[in-house]
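Below is the structure I would like to discuss, written out as structure tokens.
Chain lettering (A, B, C and D) follows the sequence in which the chains are written, and residue indices restart at 1 in each chain.
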Amino acid sequence: MAVSVWITAERIVPSRVLDMVGDEADGAVLLFLGTVRNRNDGRPVDGLTYQAYPEMAESVLEEIATEASTRFGTDRLAVVHRHGDLEIGDVSVAVAISTPHRAEAFEGARYVMEELKRRLPVWKHEHYTDGRSDWVAGTEPPGVPRGAAR
Amino acid sequence: MAVSVWITAERIVPSRVLDMVGDEADGAVLLFLGTVRNRNDGRPVDGLTYQAYPEMAESVLEEIATEASTRFGTDRLAVVHRHGDLEIGDVSVAVAISTPHRAEAFEGARYVMEELKRRLPVWKHEHYTDGRSDWVAGTEPPGVPRGAAR
Amino acid sequence: MRVRTLLFASHRDLARADSVEVELDRGATVSDLVAALRAQGGVWADLPVTTAVAVNHRYAPADLPIGEDDEVALIPPVAGG
Amino acid sequence: MRVRTLLFASHRDLARADSVEVELDRGATVSDLVAALRAQGGVWADLPVTTAVAVNHRYAPADLPIGEDDEVALIPPVAGG
């Protein structure tokens, strides 16, 4: 088996992501889903658009998944992130992992989610019920602080 | 919605447990599965039997789920534990939870698993490939240390 | 009073039965139950005094009095999950 | 050399375009790219000097030299998950 990652404009089907992991040596399987909430920071939301830099996003996902694979000792790991227009309740990200023992499944999935929030070149445009929309304030990606520009 | 817990002799279907949680206000959904491994402590295993004290197990599961619900602020929580004869790869336990933010989903599912390992009146009889079988050494359940018996 | 005590897992194997009858004085506690079982000797002689006991589907403190209509069970170390 | 720099999210809205051309000296680095964009003024005058830049799909250190065939992109604060 090998780590699988992808970026997609199609609806994510949780059971298909779950089916990508699991092994006879694994006693723990974990599926995490990020879903679109009907409000954010107190503002009612009726949908959102994820813009992605798909080629880089796949390469960053691959990097994160490889790190998690090494760190938590499993190659049964699948990660997918959606882009395009999403409705309330739609799955924006799915992480599936299986490991011999439960600690690594919890920590591995959590690691993938935290790193993806920090590094994945994807941007969220929220549509509010009052007709407005806005880019969600994001996280400064890792990089070398550049000091004053020359 | 309300917390759902049950003990069953039937095969656990992960997607059905997953479908019991989720809400428009929730941005995080987590499904954890415990599965039967083909070895334990270095011994090859070809199946196992869970014996349960079903009435007490349901009451303990209910107690654990209620604690998790209060502590992590969600009533979107489902927990099921299997008993009877299980094959390699079968799901022995499933926990599904959904919460507004991801930290509570991870911590809530983890809490349920840790407490269930400590308190659930269920016992595991492993069948080894050499034809032997044995009760798996368990965890002393919580209780008041009794000192010398009178 | 006679208290029927449910048995599970290794206890059930030891006793070759899924319950055991224990004779207790009225007002006896969980501690007294374990002591009485140990006093029966045989397979119960080595029962740890700290063995967990459930009364009416809850882990019971040592000093909980047992009533005639209570459902009592001996709980060996658990292994769910 | 002229470096086509891909834009996303708020940067794309600012520029009303999905890329911007930046004139750089041969051997120029990621830092030089950000400085050159700021020097263009207009919507770019306030571009933070710490803005992340990706070169060939990886976050690039400030001192990485940019080649003519590299795929360069400006990465505003990310919001995946």
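One rule holds for everything that comes next: contacts are C-beta pairs under 8 Å (C-beta built on N, C-alpha and C of every residue); 3 or more make two chains touch, one makes a residue touch a chain.
Note that the structure is a prediction, hence the values are computed from the model and not measured.
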To get from chain B to chain D along touching chains, fewest steps? 2
Averaged-CA centre spacing for the pair chain D and chain A, given as whole angstrom: 25
Gap in Å, rounded to a whole number, between the CA centres of chain C and chain A: 50
Just how far, in Å, is the C-alpha centre of chain D from the one of chain C? 73
By the touch rule stated above, which residues of chain D touch at least two different other chains? 81
Going through chain A residue by residue, note those that touch at least 2 other chains and give them in order. 34, 102, 113
For this assembly, give the contact graph shape among line, ring, star, complete and other. line
Show me, using the given definition of touch, all chain pairs that touch one another. A-B, A-D, B-C
Quick one: in the complex, what on chain B touches chain A? 14-15, 18, 22, 24-39, 88-89, 98, 100, 102, 105-106, 109-110, 113
Taking the touch rule as given, give the residues of chain A at its contact with chain D in the complex, in rising order. 34, 50-53, 55-57, 59-60, 81, 92-93, 113, 116-125, 135-150
So, in the complex, the side of chain C touching chain B is made of residues 6, 8-10, 12-13, 30-32, 34-35, 38, 49-50, 52-54, 57-63, 71, 73, 75-81
